Amino acid sequence: MFMTKNVLKNLFSKSATRLYPAEVRAPFKGFRGMLENAIDVCIFCKKCQLACPSQCLKVDLKARTWECDPFACVYCGVCVDVCPVASLSMRDAYRPVTGEREMIFMQGAPKAVKEKKEKKEKDEA
Amino acid sequence: MSLTDWINKGRLKSPWVVHFDCGSCNGCDIEVLACLTPLYDVERFGILNIGNPKHADVLVVTGTVNHRNKTVLKNIYDQMPGPKAVIAVGACGLSGGVFREAYNVVGGVDKVIPVDVYVPGCPAKPESIIDGVVKALDVVKTKLGLA
Amino acid sequence: MLEYLVFLLVVLPVLSAVALLCIKNEGPRKSVVIATGAVLAFCSLALFAGGSFQLRPQSMLGLDPDVLVTGLDFALLAVILGIAVKLKSPLLIALGLLQILPLGYFEYSFARHAAAGPSLAADNLSLIMVLLVGFVGSLVCVYGLGYMKEHEAHLGLKKTRQPRFFFFLVLFLGAMNGLVLSNSLAWVYFFWEATTVCSFALIGHDGTQEARANSVRALWMNMLGGVAFALALIAVYKASGTVLLSDLLAHPGGGASLALLAAFFLLCFAGFTKAAQLPFQSWLCGAMVAPTPVSALLHSSTMVKAGVYLILRLAPAYAGTSLSSLIALFGAFAFLTTAALAIGQSNAKKILAYSTIGNLGVIVACAGINTPASIAAGVMLLIFHAVSKALLFLCVGAIEQRIGSRDIEDMRGLIAVMPRAAALTVAGILTMLLPPFGVLLTKWMAIESAMASPLLVLILALGSALTVVFWTRWAGLLLSAPMPAAGLVAPGAAVQAASMRIPMTLLAYGAVLAGLASPLIYRSLAAPFVSLFYKGAAYDVSAGSFASGAGTFSVYPLFLLLGAGFFYALRLARRLPARSASAPYLCGEQTGDAAGNVFRGPLGPVAATPANLYLSAICGEEVLTRWINVIAMTMLAVMFGGIL
Amino acid sequence: MARTILPFGPQHPVLPEPIHLTLELEDEIVVSAVPALGYVHRGLEKLCEVRDFHQMIQIVERVCGICSKIHAMCYCQSLEEMMGADVPRRAKYLRVVWSELHRIHSHLLWIGLFADAFGFESLFMQCWRIRERIMDINEATTGNRVVVSVNVIGGVRRDLSREHQTWIGEQLKLVEKEVLALKSTIVSDYTVKSRTQGVGVLTKDQAHQLGAVGPVLRASGWAQDARMLGYAAFDELDFEPVVEVDGDCYARLAVRFREVLQSVDLVRQALTRLPEGEISVPVKGKPNGEIITRVEQPRGELMYYIKGDDTKFLDRLRIRTPTFANIPPLLAMLPGVELADVPVVVLSIDPCISCTER
Amino acid sequence: MTSKFLLALALTIAAPFIGGLVTGIDRKITARLQSRYGPPIAQPFYDVLKLLGKDRMVVNMWQALCPVVTLTASALCVFLFGMQADLLLIFFVLTVGGVFLIMGAMAAPSPYSQIGAQRELMQMLAYEPLLILVFVSFSMVTGSFKIADVYAYGRPLLPQLPLMFIVLGYALTIKLRKSPFDIAACHHAHQEIVRGVLTEYSGPNLALIEIAHWFDVALILGLCSLFWSTSALGAATLLAGAYFLELVIDNVTARMTWRFMLQNALGVGLALSVLNIVWQSFNN
Amino acid sequence: MNDVITRITMDELPGLAQKMFGEGQRLATLTAVDLGDGTLDLLYHFDKDLVLSHYRLTVPKDAVAPSISGVYFAALLVENEIKDQFGLNFSGLALDFGGHLYLADEVQNAPFCKLSLTKKA
């Protein structure tokens, strides 16, 4: 019976419900959402792969590929912490739902091309 | 509108959920539960956590499938009358997550029953779970040939 | 013609009984039982067609009938005394002597002076009873043929004891007919004692320790009633100078003298013992050790019905007295408490026994309420109850023979094992419990006729809420079975003997149709009887509806609508495709076994077994009986004290 | 009398987690209860043989998501002690802040579920609504609502800014106010009392002999709380264990309700005394030797046994979780209770099966 | 007579819509009491439509049979109410629905639906006497059990039978499956007996039971309205007030056990009735 | 680790359990560690007023250890767990899950054991 005051107050005030998806709250700063790799920056050092507690990353230095199993990633951000060139980052949006099995495969530019490009950028600067 | 049209309308507006925790760390579970509470209140969409497979339209699975709960998962799925949909929630439900290599872990939910919607996260956010149910309704729509 | 019919109804059973005692073979026995039953049924119809009558047989076997009956009476009492002596029971001997002495006193000092009058008579109440004996009683006897064969096979008897069994069974019918057709209380008394003896013999028929003990209990309790009856004979005669019922009832409602009231109380007391009203319920509960046809007979058309017959019969004579109100309360109390007791029981026969006592309680209450409507209710309940209850007993008997238990918990899923018997049981239960069937109709009549006394209404209503519990759960568990693999309707399992199957089926149809025919039954059976003694019609029956100032009960519309719903549902259910079958919910651990209830447990497979709630802490016999008996005895004392 | 045999779980609407009890009932009174476990068993302790001791932080954090942070803290404290790391004081205070926030959200979550176990839906809703404030604090300060991943060996990963500190203070004030508004319902409501008082009683002796821990132990009259050991910064904060004496479900409810307020106070203390400085130190070397560490989870005392053999893979990791210790007392409480009270009694130990089975 | 018949027919057709709508409003207000946004008012209709379209799954054929009879009986009750028939008769027909619901639940060899069925019986045991008491009190005032006579009585019954209204409130709480008496099956499903008596009914069969429940809601509201039979406005206010109170009680109490329900509902119900009846006979 | 671990033998165990119970010590838990040489360490952890005391019992894997669940009912769960994970048998378990406390039939026996001679054989 002591709850009466409480529920009546609820009835006569606005509901606490946030009307998602019509109403979306801006994410908190630093929310660990989707993991992203700026592949152009990545040096394929494998540090992330070695540190990942979920073992969901696969980096191939020779082929210059970076693979991630987004279904196994636990969004801990350890890989981001260890990445020496800060090519990894976590976006503040969570990963969208999907109906299919997904895999992320990123192909870095061949070493030569990349270096050329970097040089050019430096020159321009 | 014919009766079937009305029924189809009902189907899209009244997804009753049965939630089975397949060995989750509770992280995803409490987020599924949070969806029912005032801040998210999924009853807005007609979603009820009905707890009984025989009354449910959507099976929400959290956690890794292990050797003991896989039959349970299958049994529950089998007891749901069609049309029905399955949502796997969290890294564990999707693939086994961080526990994939543990000896008692079979893997993701799709190793045992067909999954219609995958909700990533560790744990998945309540908003993401709501998205998952909405997506599941899309799947139902497609299955009914309405989309 | 009339005399022949009466003769046939009373004496033919006696003759058949004697014949049956001599017949050692199954074939002839069958013929005799069936023929007797057929003749009784036919004669009862014929007698009914003739309507009310009064008869004074001039001579019988060349003797004055009164003398003959008196002689037989003493002979019977001598037999009882003999039994008592053989059992070496001082109580029984005392009770025997307590009957012989008053009877001797009565015969010696009054009988000679009694004005001669019709010693046989029948009005609609008697005719209804005769019909019940003729139809229900006969069907039970026929059922007994198949049942006893199987029963003796189960017991592994070398020498059949069926002659003795059928002797008493058929004799019972004759005694019962005699009882209800007698107009002289002295005659009634004789037949009364005859039923006591028959029931004693039948209850103890199997000869086990338990059977013997229970038969003795039945004997002494009924003899207690016999003593009261014998005393009543004297009292009635002293107070009114006649022992003829027709004279006693000639001035209904006319204030009976105190002495006469006391006599009526004694007669009612005798009725209470015979109808197993509280606190005498234990003899009827114990009587279920007997083979099932005995229980069926005791509960439906004979024995206990004799008790309420007498009370109903006398009702007009004590109308308007405080005795009457107390009787009403007493009956209603029995209804309420036995319903509670039945909730505590899982023994099917005990449930039926308590239900019988309860329904008789309602009849007693109706007699006590003593308005045209209530008397009509009582008379009609007598009929409906007899049919449904006989059916239920026969079903339990058939079930018990098959599954070896009379515990309702063991009857779970019976529909898969004995589809027909289970369905008939469910039908029997529903006719006891639900509208638009007769039993419920009469309960409605009883409650509304009790309107003047809220307390009475309350007790009756509470009682009827309680009955829902024990009936529904029983009906439900019979159906509790997984979908048979082959199809939705279980294949007909082993067939019963026709002699068992046919009576059951007939009774089931009877129970349903009697409900449908209730307006007819009211108009042609109950109303004429009521109008003999009471002024004003109880109900206005038109378009299949019972209407009175207090309310309306529409029989035909209810039958039509509920029936339509039911048959539509049945059709729908029968057409379900087999693929709709699904195992019950077992928290995800079902193993998919055939019975559908096995789950994986911690240490291996476990069968999930439900059980009913028996509220043993409230409704257990041990808990309730003592209190109930104390209260009932107090009520009896108050009744008696109130008169004095 | 006929008995009902009933599978209670693994999938059952009142059970948030899969566990099975084979119940035997008589007129709905429990006669015996035999548990079946293993529906959540992953075997994650064994993963220490294929994941290095740093990676294991994330794995032990997922023993259970509800007080995840405290697992990681206990694990890190073990290795820090074993490897002789000197954790900065600020990190210790931050650990207190987050672990007490976990206790608040865990207890609120529990009070809600407990209320739902006896069919008090609005109370459930209110508790979870209040709890969302804590979830927001988690998300804003650690980057995730539930599994917060803030511990590393040697300290914590995130710091609290000044704005965060003031904001947390404001939020806690609201939480406190809203929780107090529920006080009369939780401690004095007639229906709540009649569903919990005298139900599932564990006497003082039983509690100790059966090895109960945490609020279950404290509700039976024992003032024992691992925080009294003074790990993290608890030695520098004012702390007094919450004790009740009746040992029934109501006492457990009261203990947890009071602990919510206590934890609010502890977070406040930690924030006001928060020292400046580093939040972590680098830790070198590999774990070697044996160690046993205990901390207090919302559900009770948590105990880690770690054995290292100077490689980056631990030799043995054993986690004795609070629910593991509270299951034997639970089995002792069940016989004699009504079926309707089974969920109430089961939930009264605040069971966490995922930690029990790991 | 014909006009009465047509009116009753119209009422019977409208009843499920009324019941469904009331249920929808009920769910919305309940949500608001819990500070939730809540489902659309039409939600119960969506639910039932959806259920009607589900695959039929039964444990055995009785599960398909019983809901139809239950629905028939519930509809019949409303029809009889419309015909202003005998209250006791309505009561007995109401029992038919309850009995068949329970039989169907017991037809499944499933422990949860069986326990639910047993508890449903306990609920019937608790509310049936209360309903009868209310009807008896009506009959004491109006002299008959006929609804027609309640209307003919010409004065509101509430002032004479205030305590009986509370007694009816008890019955209402039990029948509507509201806390503290949502014992045999609660509306959502966090109960120790899963969904109790409804556990094994699914799809279209569950839909029929839900519709039957709507009829019952309409009927029970109709019975409440008899306490203020003289004016539509009075009746409506009374109903709205009573129902709202019902919702608040649902949200400020825990679910009690059936043992408590039996004691409390019967004990308090009987006591109130006796008080009211005695007081009433003093007045006369 | 600062705590003292006392070595005991199998014969001393039941007496020790009785003694500890008598002293009002709470059984915190047991820990099993595979030593890799065909033996297991069983550590018994007791607690009184937040002070732990530990006892180490080294047993061959194929031995049958006496269960202390008769004295400490709380040992029941952990002893069954050890039976599941290490394949060690206990005598006198208050409730014996037969190596299936957690594990379904299809899971290998004693998954927590290191590859040892017994295992390879």
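Labels A, B, C, D, E and F are assigned to the chains in the order they are written; within every chain, residues are numbered from 1.
By definition in this document, a contact is a pair of C-beta atoms (placed from the backbone, for glycine too) under 8 Å apart; a residue touches a chain by one contact, two chains touch by 3 or more.
Treat the numbers as computed from the prediction; the structure is a model and nothing was measured.
> Would you kindly count the fewest steps from chain B to chain E, each step being a jump to a chain that touches the current one?
Graph distance in the chain contact network comes out at 1.
> Moving step by step between touching chains, how few steps can get you from chain E to chain F?
2
> Among the chains, which one keeps its Cα centre farthest from the Cα centre of chain E?
Result for the farthest chain: F.
> Of the chain pairs B-D and C-E, which one is connected by the greater count of C-beta contacts?
Higher contact count goes to C-E.
> Report the most central chain, judged by the distance from each chain's C-alpha mean to the global C-alpha mean.
Taking the mean of C-alpha atoms per chain, the most central one is E.
> Nearest whole angstrom, what separates the Cα centre of chain B from the Cα centre of chain F?
For chain B versus chain F, the centre distance works out to 40 Å.
> With chain centres defined as C-alpha means, what is the inter-centre distance between chain D and chain F in Å?
Averaging C-alpha atoms per chain gives centres 25 Å apart.
> Could you give the separation in Å between the centres of chain C and chain F, each centre being the mean of its C-alpha atoms?
Chain centroid spacing, chain C to chain F, equals 68 Å.
> Between chain A and chain F, what's the gap in Å when you average each chain's C-alpha atoms?
Roughly 44 Å, centre to centre.
> Considering chain E alone, which of its residues make contact with at least two other chains?
In chain E, the residues touching two or more other chains are 31, 33-38, 55-57, 111-112, 114-115, 118, 188-190, 194-195, 199-200, 251-253.
> If you look at chain B, which of its residues touch at least two other chains?
In chain B, residues 20, 37-39, 41, 44, 49-54, 66, 68, 72, 76, 79, 81, 97-98, 101, 103-104, 122, 125 touch at least two other chains, as defined above.
> What are the residues of chain D that contact at least two other chains?
In chain D, the residues touching two or more other chains are 4-8, 10-14, 28, 34, 38, 41, 43, 46, 58-59, 62, 120, 122, 125-126, 129, 147, 185, 189, 191, 357.
> Would you please name all pairs of chains that touch?
A-B, A-D, A-E, B-C, B-D, B-E, B-F, C-D, C-E, C-F, D-E, D-F
> Spell out the residues on chain D that touch chain A in their complex, using ranges where they run on.
Touching chain A from chain D are residues 51, 54-59, 62, 120, 122-123, 126, 129, 136, 139-140, 142-144, 147, 149, 157-158, 181-182, 184-185, 188-191.
> Considering the complex alone, what residue numbers of chain D touch chain E?
4-8, 12-14, 28, 115-122, 125-126, 129, 185, 189, 191-192, 194-195, 338-343
> Taking the touch rule as given, give the residues of chain E at its contact with chain D in the complex, in rising order.
Against chain D, chain E makes touches at 33-36, 111-112, 114-115, 118, 179-180, 182-183, 186, 188-195, 251-260.
> Going by the contact rule set out above, which residues of chain D touch chain C in the complex?
For chain D paired with chain C, touching residues are 1-12, 20, 22, 25-28, 34-36.
> What part of chain B is in contact with chain F in the complex they form?
66-68, 103-104
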